[in-house]
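When the chains are written out, they are named A, B and C in that same order, and each has its own residue count from 1.
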Amino acid sequence: MNRRWKSKKSAWVAFIYMVGSKTRKTEVNAMITQEKINGILEGYGKDLKIATLCSHTALQIFYGARQEKIKTIGICTKERMKLYESFPLAKPDEFIVVDDPKEIPADELVARNAVLVPHGSLVEYFGKKLENLAVPILGNRNSLLWERDREKMFEWMKNAGLQIPKTFKPEEIDRPCMVKFSGARGGRGYIIVNSQEELDSRVPDQTGITIQEYLIGIRVYPHYFYSPLSRHGYRAGEGKVELMSMDRRVESNIDEAYRLWAVGLTSKPAFTIVGNEPFVIRESLLTGVMEMGKGVVESADRLFGGIPGPFCIEMICDENLQLSAFEISARIVAGTNLYPGSSPYSVYTHGPGMSTGRRIATELKQAAKEKKLAKIVF
Amino acid sequence: MNRRWKSKKSAWVAFIYMVGSKTRKTEVNAMITQEKINGILEGYGKDLKIATLCSHTALQIFYGARQEKIKTIGICTKERMKLYESFPLAKPDEFIVVDDPKEIPADELVARNAVLVPHGSLVEYFGKKLENLAVPILGNRNSLLWERDREKMFEWMKNAGLQIPKTFKPEEIDRPCMVKFSGARGGRGYIIVNSQEELDSRVPDQTGITIQEYLIGIRVYPHYFYSPLSRHGYRAGEGKVELMSMDRRVESNIDEAYRLWAVGLTSKPAFTIVGNEPFVIRESLLTGVMEMGKGVVESADRLFGGIPGPFCIEMICDENLQLSAFEISARIVAGTNLYPGSSPYSVYTHGPGMSTGRRIATELKQAAKEKKLAKIVF
Amino acid sequence: MNRRWKSKKSAWVAFIYMVGSKTRKTEVNAMITQEKINGILEGYGKDLKIATLCSHTALQIFYGARQEKIKTIGICTKERMKLYESFPLAKPDEFIVVDDPKEIPADELVARNAVLVPHGSLVEYFGKKLENLAVPILGNRNSLLWERDREKMFEWMKNAGLQIPKTFKPEEIDRPCMVKFSGARGGRGYIIVNSQEELDSRVPDQTGITIQEYLIGIRVYPHYFYSPLSRHGYRAGEGKVELMSMDRRVESNIDEAYRLWAVGLTSKPAFTIVGNEPFVIRESLLTGVMEMGKGVVESADRLFGGIPGPFCIEMICDENLQLSAFEISARIVAGTNLYPGSSPYSVYTHGPGMSTGRRIATELKQAAKEKKLAKIVF
């Protein structure tokens, strides 16, 4: 709290006012510039806080930040506050209560030196608003655009050299295909069709859908963390990619469908993610897993300026041990919630006690110390 | 070991003799009074021990007690002693060897200042004898009655505001239904019937059965701990309910039935629980999970004087993320055995190292210290 | 580095040269003698290192050794080095780079005081060469022979008193049977046949196959560690067997086959192991699990001189809670990779932080200190 800090703070409060007013416009399409975000970050100094929406992976993010002694801010609806208050070691230091989880309290966040950590629910609720939001976001906000737009994602996966499922136009469907809708919706509403007729009858509005070959094998979800700053990990671009952990998603009702059949019941398959279970992959496949992570990192560098922070490649391992990707999540995924303490992979880099939530905090701390926040926040 | 303790001890030995003789009667229906249990507890002073039957979750309970420096007593048949002796950090400090696991050595337990921790096997073996057993039991022994009697359990679940499966009388069966038999039998013998005819032919003796609609979704088993003493957790009644951990049960042969079908085999579905696997639920469902826990706690307060200690609500999450309960376990469940070290949820309240077994020990310690044992032991 | 050590070293270097040259012959059938291995071990003194092939469970083995401050050597192909270099706490202290993972650099290993830790990939790649390899191997190399030869394994399982599946000659097949091929191949290529005709048409070369009844139930894989030195654990032979952890294997595509069916797809079942998920078994089954481990240990004593170190009994638990074994792995299994930190079972013997990889290191340390290496290394 010395004078230098004070003056910076004032300068920045003025600055924010201006930016903040911008975000109140209903339609803004241009993305905010890195310069503006850097300006905000300069105002923060070293004393930054971690903010996120109270959902998805927020407990892990808050707990990890607390382990690193970084203050936290929970953007929270009133009805959820009781939950987040009830975990003494994972509750945010401060709440910003919102009526609608789709409203981002940009001004309040910047006034508190907050870096926003995006997760699946936050991306789903805030949507395109994140593009020109005048709040520093952990990672590269461009990646969220590439994640949301299925055509861009396919371009990204191809550019990364990943083996991916065949995609079809409606008129090309000649085998069972998965139909996905735009946005992260936790798997809700995915359907399988066998023909264009079935597609037309079941999906009247085909805007933004993706039609993918249904891949046969075991689903595997490795959780990566890309750091342009770290000295440890799997070389990728100018930094390192780390394997934090791994899970398999559990979807209702498909993942207990066999129990129904066994007792003479049937039901339409549904793919709503309800949770996660731990998993480790055959060690001989790890080189492939890491090369895929490296491919995604370096492709992100080429296509839109990089993907610092956590991400996930959703993949299938077939019976010949071939790994195919069917999606990228350009942010922390919920499977990491299995490992707020330790994981069977992060111990090999950090020893016990390193979660993805905590890794975010250590990365921010290091970047702040080395004055490299602009490398990992935009 | 001061004089006050000594005199109390003597008074209580005499008292016990009387009660102990009572338990030898074949038919005793009246429940022992809280006053009598309190009398026994007063005799204990602060120097109490934790006792349980060597089965189910005993290793975790002993290990947790040892972490809190509370001495333990294992009620054990001869054939199981070798197992429990083989774990240096989870073996009880002392064994009471019994010929028949259905015999409770009440006198010996009280003579050792024991608080009995009930678990699934203990409840199954001791059955109605627990009602008037002159040994302090962790939790409220009334809850074990409500757990065992399926009509009472349904009343409890309804009173708690839980969404529950439709129940049927035999003549009402119009869809696949699960038939459950009374008592905790680890899932053994559950069957599915589609009609009254099928029920009559497969279940000649229908005493005590429950007929429930078969719910479609993913089974989820959150492990709760309700403390009337704690300052941390989710407000419920006059205390707090904590989320300790979560699992999914693995049942033989139903949970690998699909493997049979794939190779051209069929078999009658069976639901014998053989073990557990870890699970975390979508964070956005946690408020619902905790509200259900709160409902069960407050309903227990209203109906039979509360449910201090560990419990579980067996639930199904459907494709629309609706949570329905199909059972309550009014004591520690075996799924907690996955987490004798840490769990992805207990870290948020206690940091690393807190199991349900250890949580029992910390609660007893706190209650003894604050002279509130009567609040959590009956 | 005193003189005594030096002179021993020289003697042993000469000795090794001789043995080393032997391994270069194309056909060597005789097994190396325990005396020769003891001679090598004497040369090592206390200063031994742990070596293994960079695959399977190598990260866990290196990490565990590092926790015990034992230096490690990774036998590694060039293409895998990047992976093993990328984990700062699990990378070997030194690499021996090989062009072909089937080549064992025996001389270099002995020159570095290495004890070789065998795992599934190492056993698969090195095969019969392990028999007369002039490098000390953790455990008893005889056990690897018994593991590889399916007839011997059945003799072993029977001698151990395990309940095992019925085996068939081709002409006896009268029900769905699993056909297994010799060697550890990670489950790849296992098939199910219903008749001799099907067998003949699908398996033209029937050399070394085993035909087993397909068991119905849940697969369970307990990970044991047998120590002739330890004071803690389940008494077996002259030592103790410990339960380290447990898993269930995940196989592609069989373990997601039901997902295919639900969406109208079919596929030939395949059983390629792609990874592992955690599991704990009903505590009442643990005595059975430990007795099976004891049976395997004592039978190994009788048949071929014992099985010190890690092993696994692959088993099925049926709906009546009967445990049947269908295989023994006479070395560390990949399911232990779930627990490089702690496991829900090893905590009861060692407290937090004991993996099978680390347990290997502690055993070697103790044996070296007590001059009992010959008891656990051959």
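As a convention for this text, a residue touches a chain if its C-beta (ideal position, glycine included) is under 8 Å from a C-beta of that chain, and two chains touch if they have at least 3 such contacts.
It should be emphasised that the depicted structure is a prediction, and the values quoted were computed from it without experimental measurement.
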Cα superposition angle of chain B on its copy chain C, in degrees to the nearest 5: 120
Classification of the chain A:chain B interface as same or different, half of numbers criterion: different
Interchain centroid distance [CA atoms averaged], chain A/chain B, Å: 38
Touching two or more other chains - residues of chain A: 255, 258, 277-278, 342
Chain A residues within the chain B interface of the complex: 55-59, 63, 79-80, 82-83, 86-90, 121, 186, 188, 250-253, 255-256, 258-260, 262-265, 267, 270-278, 334, 337-342, 353
Residues of chain A defined as touching chain C within the complex: 176, 178, 192, 194, 214, 216-220, 232-235, 240, 246, 248, 254-255, 257-258, 261, 269, 277-287, 290, 317-321, 342, 344, 347-352
